[in-house]
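Below: one structure, written as structure tokens.
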Amino acid sequence: MDVLESGMGEVLLQDVDDVREWMRDKKTRALEEKVMDEHEAVRRFLKDGDYISYDLSSMVRGPMSIEREIVRQKKKDLWIAAKFTLLDTTLLVGGGCVSKIDVGFAGLGRPLFEAIENGIVKTIDWSNGTLALRHLAGAMGVPFLPARSLLGTDTFKHSGAKVVEEPFTGKKVALVPAINPDVAIIHVNQCDVYGNSRVYGPSITPLETAAASKNVIISTEEIISTDEIKKDPGKTTIPYYMVNAVVVAPYGAHPGTVPGYYSYDSEHLEEFFAARSLEELAEYIDKYVHSTSGHEDYMEMVGGDARMEELKKAEWIKEGYY
Amino acid sequence: MDVLESGMGEVLLQDVDDVREWMRDKKTRALEEKVMDEHEAVRRFLKDGDYISYDLSSMVRGPMSIEREIVRQKKKDLWIAAKFTLLDTTLLVGGGCVSKIDVGFAGLGRPLFEAIENGIVKTIDWSNGTLALRHLAGAMGVPFLPARSLLGTDTFKHSGAKVVEEPFTGKKVALVPAINPDVAIIHVNQCDVYGNSRVYGPSITPLETAAASKNVIISTEEIISTDEIKKDPGKTTIPYYMVNAVVVAPYGAHPGTVPGYYSYDSEHLEEFFAARSLEELAEYIDKYVHSTSGHEDYMEMVGGDARMEELKKAEWIKEGYY
Amino acid sequence: MSKTYTDVEQMICLSSRLIEDNRTVFVGYGMPQIAAILAQKLYSPNICQVYEYGAIGPEVATPFKRNMMADARNSYRSYSWMSMNRMMAQAQMGYIDYGFLGAAQIDKYGNINSTIIGKDYEKPKKRFTGSGGGNEVASLCWKTIVLMQHEKRRFLERVDFITSPGYLDGPGARENAGLPRDSGPHRVVSSKALFDFDVKSKVMRLIGLCPGVTKEDVLENMEFEPVVADKLEQLGPPTEDELKILREEIDPDRVVIGRID
Amino acid sequence: MSKTYTDVEQMICLSSRLIEDNRTVFVGYGMPQIAAILAQKLYSPNICQVYEYGAIGPEVATPFKRNMMADARNSYRSYSWMSMNRMMAQAQMGYIDYGFLGAAQIDKYGNINSTIIGKDYEKPKKRFTGSGGGNEVASLCWKTIVLMQHEKRRFLERVDFITSPGYLDGPGARENAGLPRDSGPHRVVSSKALFDFDVKSKVMRLIGLCPGVTKEDVLENMEFEPVVADKLEQLGPPTEDELKILREEIDPDRVVIGRID
């Protein structure tokens, strides 16, 4: 099972036993209330230079209020897992927070491409599937997982994967290394004060990301009681002992949607998309992030309760959610 | 990544490309009605010498009516995946259907141990966790998955796993080979006529087993409409295109429980447990399997509707199911 | 004669006719979504669309919205909602018949580039989104259909960066690399023509022409020379039915299909 | 003085006092289930029991039923319901503090046998259930507690078959085999005594005696000689509270705890 080929991409390798130790010592199994505001959550659990992963995307159930807070606190030198990301990456890069991107899908914004083309941020190309798989490896406590994608491509060459001939049937497979992010930020529909969290609808990797990450910040549309959680355990996506902070953030995915609950804010998204350069994006960020004191203030600026009621009404599909 | 050590256990190795081809050619993506009785399902999709996997166990949401039918049809020389099995293995061995057992948990019956001690059936020892992982590998379409269990034990030596030093951080890990059973038998709470299936409650590997297996027989407490399935897609555990046959089997888990729906039949289980030898077990099997023409007939013999109503009443816990 | 439909409409309608009914189709972002919706409404009501974000078999709600992916409309009335690792696993296991992708560039072996233009990876001339789920779709589904604007800069001898695999360097290369047996690019639908791949050489092969397009038109707008089939199919223009559904039901805001200049 | 409680009651009560509150505990079949329920009712209300079949944090409903595992009672009022691969993954990732197992045999390094007695694997003298989830629990949880009937044929120099790993051949052996760092057997609770493991030699060490049991009683009923702590703790008998809850709430049918002869 020799290594036949190695991708040249930089990988954040961690000894799985070190990560286990972190999970033992730094995450608690006690029923401690973890509710705090976004300023505290980001200040306490996210620092310059960290590796960050989020779930789902800026368009859908994204942790946008936390991402704005990261920009607001001017965190630097982050390395981000851009799996199924949309404008998230663009926002964080525009805010000057990012130095490296593991690319699954590199957003959709010209400003982001500008930053890459000018060498302001470094990319390491993977695919959505292999980045998701790396999170699964991290969540399983194994150093790698095998895949039959990436093979034969330049994506492989620029990734940090390896090709081996496996010892059971002699197939060539790609091995992708586990990722254990320093911080996961995940927006959920509901959770209790301890962090037992419910995600409704299809998803990317909410459980894998929470399980793999050393610090987990949950932002939630609402808090429900632990009794309610216990009455329907099949709905719990993430158990409390993976969670470090719970931030109550109604409409926290704005301008994106929380499926079954509220629609996107298309008008606001147009404004975001209108930023065609890093300079124009900086103006957007000044207006909506740096000039607002926090999520509540931001929500007032983008239309407050009246606008949110409209977005709730616009989401006519309810079947299968909640 | 040389192989440092290999378990001596026999493994059913299959080329993953051959299995892919099977999934392409022998399973349909068309919306075809798959409802048939248990005689037909077992006759068409299970043959002597096959590798069989079931989910969950004889005690809980087990596909007991199908297992009885396998015994009734006197299938021979089966190789079974005994992950989290209880009396299932004992029943199939007692019925003379089995020649090899991949042991996660080898049931609880003296008759089974008698068969092993006398060399009537061959065992290959694994663990529940690694057998579940082998099904996950089979469901992922990869030849193996890594684990940090098995290592250092005689369980490893008698399994078909291998130990390698992985190429990212130099850890020793166990690699377990994928298993793609010839037949999966899974009892579910509800499904539609195409096989879109719902399982309520915690579980072993219903999705992994269905995805990995070349033929999938679903037995179900009840059929619901596809419209109902589509109204709540988050409840669907197994999508229709993995399924080959749907057998309607109310109380199909008897004498086991379907959590939230009906309780075990403790009296009947005592009768099963009372069989302390293969000979005594043969009497039980004659009485309840060979002397009954099928599931309906069996249900009459064990008490019919009246008894089933009692078992439904005995299941006082409903929260979180259905 | 001025055109009564856009290039994108042509591509979408053409590709919507290629999807067999009763098959699973892994659908990528953008044009493929619209084409899959059209196919399901008009030609293949029982295709099972699957998406990398976990929706299996949705009846995607219309009208289509800009950037719609993974939201409630895109997931409407699915058979099941799962998650990314499970979807990729199912493709890897051989359950997904068709992959359906858009791309920035393609080459004669059907290799797709959606990452960079230029040879300097650190400072590309132009950066795109990267693979997304495209690498998995092109690697793992049985047959991949690619939608491409027909321009010379997009049909290349060799793409600058192989984001997602076609036949790589030609016959046998996919298998040698370890990719699943018998998988690979199946059709390329451009705004001018339809291609498959030559069985022996694995080079893209012209098999059909869009209305009003000549063979020369097609070849002039490609950097490489494709194999050309003995007989070229004359492809039909978008039908009235197709355009009506596209413009009235699916994309009334013309977000994807565009407007006639 | 005739005993007013059974050996099993003694073991269950003793082990129920060992589980720290606010910890995750991976609970095995049989006695460990009863001990975990008792612990949660009396000493550590906020332990989070986890089970291989996917229940996280149930408040297991009583009374206990014979062969209860994975049913509605065993899963009652959980925080979450998952599945086996996810539970094993969480143990592997370091989320589970304690493992809690029963066994047929144990040896001086805490290796557990629940597979066969005899040296001929093909035709064992006696066959047991095999690992179940035991191999994962003993490999992956941080600290494993093992419950054992105290008999000479069960406390061996070397078990016939290492089903689930203790310290294998002694110091460093777990790490050399690739097992997670700092994991391993933590306590052995027998019907006569309490053991931990000598930090240096990794050999089982006697640290406490059950009421009415002498050190000699303990040692005579073991094939190997354990390390003996300088000071032996005098372990308390089951308390009135413990027995009341055990006999009235948890196991009124005495399925596991048995009856006094």
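List of remarks:
As written, the chains take the letters A, B, C and D, and residue 1 is the first residue of each chain.
We take it that a residue touches a chain if its C-beta (ideal position, glycine included) is under 8 Å from a C-beta of that chain, and two chains touch if they have at least 3 such contacts.
Just so it is clear, the structure is predicted and the values come from calculations on it, not from any experiment.
Common neighbours of chain B and chain C under the contact rule above are A. Graph distance from chain C to chain D, where chains that touch are one step apart, equals 2. Centre to centre, using the average C-alpha position, chain A and chain C are separated by 28 Å. The distance from the centre of chain A to the centre of chain D, each centre being the mean of the chain's C-alpha atoms, comes to 39 Å.
Once the centre of each chain is set as its mean CA position, chain A and chain B turn out to be 36 Å apart.
Among the residues of chain A, those in touch with two or more other chains are 16, 141-142, 147-148, 171, 173, 201-202, 207, 230-231, 233-234, 319-320.
Counting only residues that touch two or more partner chains, chain C has 55, 75, 77-78, 81, 92, 140, 180. Contacts between chains form some other arrangement here, matching none of path, ring, star or all-to-all.
Chain pairs that touch one another, listed by label: A-B, A-C, A-D, B-C, B-D. Those residues of chain C that touch chain A in the complex are listed here as 51-55, 61, 65-67, 69-73, 75-78, 81-85, 88, 92, 111, 115, 121-136, 139-140, 161-165, 168, 173-174, 177-180. Those residues of chain B that touch chain A in the shared complex are 1-3, 11, 13-16, 141-148, 162, 164, 166-169, 171, 173, 175, 177-178, 200-202, 230-234, 319-320.
By the touch criterion given at the top, residues 22-24, 46, 48, 55-57, 59, 75, 77-81, 86, 89-95, 97, 140, 142, 180-182 of chain C touch chain B in their complex. Put simply, chain A touches chain C in their complex at residues 56-57, 59-60, 83-84, 86, 103-108, 112-113, 116-119, 122-123, 125-130, 132-133, 136, 147-155, 158, 163, 171-174, 201-208, 257, 259-260, 264, 266, 269, 315, 317, 319-321. In the complex of the two chains, the chain A residues touching chain D come out as 16-17, 19-24, 27-31, 138-142, 196, 207, 211-212, 226, 229-231, 233-234, 236-242.
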